[in-house]
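Shared between the two complexes below is chain A, which pairs with chain B and chain C, respectively.
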Partner chain A sequence: MSRRDFLSRSVKAGVLVAAAGSLSYWLYDGKGPDPASQSSGDNVVLPDFSIGDLGGRMSIITGEDRGKTVDLGLKAIGGIERFIRKNDRVLIKVNAAFATPPILSATTNPQLLSEVVDLCLKAGASSVVVTDNPINDPQSCFALSGIGEAVRSAGAKLMLPTGSSFASTTVPKAKLIRDWPLLYAPFEGVNKVIGIAPVKDHHRSGASMVMKNWYGLLGGRRNIFHQNINDIILELAMMVKPTLVILDGTTTMMTNGPTGGSLSDLKQTNCMIVSTDQVAADAFGASLLGKKPADLPFILKAQDAGLGTADYESLKLVRERAG
Partner chain B sequence: MRIVTVRRISQIFFLLLFFWFCIVSTFGEQWWQLRGWPVDWFLQLDPLVAVGTMLTTKTLYAGLLWALATVILTIVLGRFFCSWVCPFGTLHHMVGYLGKRGKTLSRKAEVNEYHWGQSIKYYLLVFLLTAAAGALMARTVRAAFAVPAILWFLVAATIVVVALALFGLTGRLRKTAAILLALVGGWTLLGLLYSMEQLIGASLQTGLLDPIPLVYRSVNLVLLPLVDSEYQVLSITQRHYEGAWLIGAIFIAALLLNLRTPRFYCRYICPLGALYGVLSRFSLWRVGKKQSECVQCKLCEANCEGACEPTNTIHLSECVLCMNCLDDCGHDLMGYQTIPSASGEIVSPDMSRRGFVVALASGVLAVPMIRLGGYTDQNWNPAVIRPPGALSEADFLSRCIKCGQCMRVCPTNIIQPAGLEAGLEGLWTPTLNFRVGTSGCQLNCIACSHVCPTAAIRPITLEEKHGREAFADVGPIKLGCAFVDRGRCLPWAMDKPCIVCQETCPVSPKAIFVREYFSTVRNGVVEVVRSDSETLEIAGISFQPGQLSTGDFFIKLLTEPEGKRRPIVDNADRTLAVDPRMPFLKELPLGTRVEIQVRLQRPQIDPKLCIGCGVCEHECPVSGKRAIRVSAENESRSKRRSMLL
Partner chain C sequence: MFKSVVKWILILKEYRRLQAEPMANRSRKMETLAGIAILATLVVIAAGILVKQSRYDSKLFTASLSPSDSSIASTQKSAKPSELQTLVPDDLIPLTPLETFGPENLSDKIDGKAELYLSAGFRSLKSQRFKKSEQADSWLEILLFDMGSTRNAFAVFSTQRRADAEPVQLTLHAYRTGNALFFVHGQDYVEIIAASGDLTDEMLAIGKNFVNRNPVSSEKLSEQALFPRENLNPGSISLLASDAFGFSRMNNVFTAKYTIDGQEMRAFLSLRHSDKDAQELAEAYHRFLLENGGSDLDPGTNLPGIKLVEIFDLYELIFSHGKALGGVHEAESKDTALKLGLALYQELQKVDQKQ
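On to the complex of A and B.
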């Protein structure tokens, strides 16, 4: 071997040794991962979407035609224009929990949704997004409940919960919703939030109405919260401060809730509740199920937390009959 | 236009069509999603699917009639499917092209020489088809004894053959007679010794190697989930398939083998190609030389896809009609013509009699041997839950071709390819896994039963699935039954309220109901230190503030009657506040003993109502091994598995 070859080879070997050495030095970790590195990092917090200066308003409209009752209900509390302004970007949280047809009333009624989307767009909203993270298969839920079709034909946008739709949230002062995945993507760029839910029997919590409906914004294995159902509903109400809630009591699911599954589980109760106060809406909704607000601990808890009032009569309440 | 250009257009067209069918097998409302697209079409064109199910079921199911077209065309034209239609063949063709690049002409011609291994696929075909034909063959053997005419014919034939063998025959004829005698005698003996139907079953295993189910399975269960994980067009969440690695590894290995030998799979393994090889024996048109003499330049073999040696005596059953030789021959000596090749042709597959018999016997024996495991009998595995509409296990196995269409179309992703849990013959057949996916089996979905190309999952209606109208007497289709694991269930084992299972049960009335039970919390019998109408101060135990205020905790005075409890609305560490609507009427004496109880609703299954949909199992918050699990007991498809009177 020539001296030249030997030197050349020595240089190359030296570079490789140095590279291996510096890589090891650079990546050396004498401690191993610390426990803090296991947490998910930054948390998002939902802003307050309510319109502060309006105070508590609520309307209860009796009637069978959801289009008419919701229309009248909104007029009764000041008109949609008081809530949705030009160029607002609206998010509607529906209840699409189950892959069942609209006639079984386990999900938000598509006709009602169409009407609300339509009113928002007419009031000048630049976009309306509809979302939910259902219990059953999401695509089946939106297809079978008729909500998907209603969203498309009304000109809104459906946002399904994909793997990347979630961000960690910690609700201030909450005990349960800490560092928990929230269906956040639909909220991005949104400045108004409307919740639309049917009135349903629920064996664990006593009732599933507008406050419980926010459950569908959680991701992960959220079912563990059923161990403390009243506090989780309270915290959901703490998490979302909506612009408006609409509680659909046209058909109430009296038994076998929240899935229903049979027409015999349903009862015509013919009323539509539109409210700025979600606690008040649920307090009235309880009566449709033959319950008192005090029978539902989550309502009292939400009232005590200052999220609204169970005494809906104390609000600026309008009762009317449609048609 | 050159014939090879036409072929390439055809290949690309059918490959794209195949991918399109894979993509549109997506549940949804968009125009490109499942809308009566004939997504099974390639499976229906596949005569191996048709022949296999014909052997096992003696019927030709609906769309499989398409295979007749393929069969007729193959009989007339030869193995056109392989080089013109087959999507798997096209993929091999493309990878093989990459493998050939940079090789010299002689090297190219060398890898395309006929190899004895090409007969392996015929043995595989015989093996797979006889495994499928077991029951039919057993019936035929038995028929000899049930039908007197056949019996007397056999007796007469035996006597004649014996007589001939003893007198007058010599040499080859004598040997033939001996073989005939052995066959007839063997048949008679078998029929006498064994009631064959008991022993021999039919098992359709063609799908393991049949290229069409293989490519459907590989693309739908491996390729698409990988590609779509980024874009989430086909599914909003990542699709998972158990054991996908094996399906993927076989697919990739089959493709990579083309780098070594072009169309390795087609030449050596493909049982469908073997079937075509047999069918093409009498083809009216065939590739061959127009004159025997040529310069032996081997140009025609450089790109020969089938390794059928067009230069010399052509192996007709190996020719895949790629037409490359027609295009490559500089002297225009190759033709696709009605006359046989001028250099002669070998029309039959290269199989030895011995090999044929071994393959046949192995096929016949493999099924009873596998069934000794008892998976279709007493030893059935309750963890194997079949999709709604699936036939009873043995019938199911005689139809399922493991194509994975049901797994692809299932909107919830719960239909999974089985590993060995359904026995060896159940490999890659559909089973339900309620831990993966987005929910249980959706009450209002019957997609899998309608996509199944062979009716292993027979087409059902929603009325039948729900047990409504005409099916009201039979009741709903049950996939199994849910069982509560009381050692894991939160209300049963841990004194925690839950009942997510009850909440999500989609049946009306619910198949899961609850029994209320008040359980005294740990160290929860305490003495009162001080009290007024709405609050108590206790000794001995302290709680976190608010711990008992969830609405689930109660105070029970030991002195008061059973059934009277006061809800706790708030607590500090040793102070409990009760519901003001139920105050204590008088101050409790010091040392009064009270119990702090938690109200539990304990889930209970009504097996008459449970349909085994698995929504409860999917939603159970005990997320590892679920506290409520469906198992296949009580499934409707098999009476022997019913659980109730």
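On to the complex of A and C.
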């Protein structure tokens, strides 16, 4: 190589390096993302699925047969038709957290789920999707809890979480759920959301009911939130504004929750709660566990955040007995 | 002569230059081709990254707490029978593979209950489900918790003891309920949970197999013998590993339920490292009660160091005696608190006299 060639190539290489450096500098964002803009950037935010003009409605139906109590509970607050219209696309978020049998009541009861799916389809829903991101292996959870079979036999569609089911979300005004993976795929195209959860004791939060049930929509290493259990439940309630919630207090897990394990952890409390106000539903659920709303900080936090009321008696409340 | 040598050298150099020229040209072409190939590879890699990024999976994009997570959270699939499979009767076949969990991912198995085990010294969990050959709905799950010591295993066993527990002659600490068997063996806490109530014989057979094949000597928990027997509710002795009664410094505390004059309350006892430790902890717990709304009452006894506190219409009695911190928790009346507290104190005095 001649001296001339060497100098020429050196100049070219220098220009290339300078160009690459300039391009990198131009693309570099020294400030990082603006927290206020995160929810509208690549993040997804769940829309409000509630029916605003209905206001706070709640029914408490006593009885042993879940099919009858949920049916009567829905009728008591205006009928399923008030919530599910023709061609609605419904998502039902169940609690399928554990691969345990239905008799342990650690998961949503399959018979109750079947009944709700059936009612939605009869009301004209064009599709009903059932989902959860369980603690244990999803396939085992849906199979052994009986939920998978209930979904299939009732004519709904089961959506198991996969890697591509998640999208990053930031809940507006939240401190914990920021850029966090959300089980989003089941929400795509959906315009109504129903949460169905059992009433359970919970070692960390004191209780697991409808607000805690949204925990199953988070992905990633969500167990880190257990250190801030009351705040994360509050933010979950901020994240999901459902069309209605169904709290199954037919059999309550009184001790050793949320997994239980023994039939002796359970008590027949024979109550079905159907509500448009998830805070009110949990407030009543607390009483089934022998607690007051004040014993469960997440209920008061959710009330203070304007997400509902712990004073469920102040709602349009209907109490009836089924059968 | 010199001129002819120079001439030959020049001729030779010219010859070598002419020889080298095509080679140099070839080398340049090779370099160019190699450069293009490298650039093309880089473009393909960049395109691959762009495509992958456009299908960003945020679930996978999470920090791992430990590089060994994947090995800890393993699900073993092997033709060889698992450790737990060797325990089950022949008519039970594996329903799911053996799973193992460590402290980092225990909550992946038992969610919020993980804290109970972690605070008690949990080391690992092995679990597997088995079903009756012909009956899909008839299955059970074995959960084998390695708690590191008998004391730790007893802590998680005793704090979860079910109200209708039926004692089982399997180990010193064992009971069953309608669908499950729970016991402590050495440093292990074992749960066998059935999906139905018709697997009692199988559960007991598994428990016996486990105990027989793992001969260990369980640590004697001497505190249990120090509780007065009178008015003691059977099977009510528990060990609180940490945060007993909401006080963060109260760890390793045994409690026992008593029913006196129709009122239920708990006596508590914790053996500390030294007399001084026991005394300091008693004083700290006393201060904790006062700071949280309690008020001192005259215990009406001349025994040294006994404190009686009224808090939220309930009564707490606290004392230290040698290395022992003892007392009564949540008694409904002052008299019953004193009655039980003095009985416990006297038991400790008897031990002193024997020594």
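By our rule, the second predicted complex is superposed on the first by the 282 of 323 C-alpha atoms of A that agree within 3 Å, B and C clash if a C-alpha of one lies under 4 Å from a C-alpha of the other, contacts with A are read in each partner's own complex, and residues count from 1 in each chain.
In the analysis below, a residue touches a chain if its C-beta (ideal position, glycine included) is under 8 Å from a C-beta of that chain, and two chains touch if they have at least 3 such contacts.
Source: prediction; values computed, not measured.
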item	value
Clash or fit (per the criteria above) of chain B with chain C on chain A	clash
Partner chain in contact with A:Ile103 - chain B first, chain C second, else both or neither	second
Which of chain B and chain C A:Pro258 touches, first, second, both or neither	both
Touching partner for A:Asp231 - first (chain B), second (chain C), both, neither	first
Chain B versus chain C as contact partner of A:Gly78, first or second or both or neither	neither
Partner chain(s) touched by A:Arg221 [first = chain B, second = chain C, both, neither]	both
First (chain B), second (chain C), both or neither touched by A:Ala167	second
Which of chain B and chain C A:Pro181 touches, first, second, both or neither	second
Contacts of A:Pro138 with chain B and chain C, given as first, second, both or neither	first
Clash with chain C (superposed arrangement) - responsible stretch of chain B out of 96-104, 438-446 or 546-554	438-446
Doubly contacted chain A residues - partners chain C and chain B	98-101, 135-137, 140, 144, 161, 163, 202-204, 221, 223, 226, 229, 255-256, 258-259, 261-262, 264-265
Footprint of chain A on chain C - complex, ascending	55-63, 65, 75, 96, 107-116, 129, 137, 139, 160, 162-165, 177-180, 182, 191, 193, 195-197
Touching residues on chain A, where the partner in the complex is chain B	98-101, 135-140, 143-144, 148-149, 160-163, 175, 202-204, 221, 223-224, 226-231, 255-256, 258-262, 264-265, 294, 297-298, 300-301
In the complex, chain B residues that touch chain A	27-29, 232, 236-238, 411-412, 437-439, 442-445, 490, 496-500, 502-510, 514, 546, 550-552, 567, 569, 581, 601, 615, 619-621, 623
Complex contact set, residues of chain A against chain C	97-101, 103-104, 135-137, 140, 144, 161, 163-168, 179-181, 202-205, 208, 219-221, 223, 226, 229, 255-259, 261-265
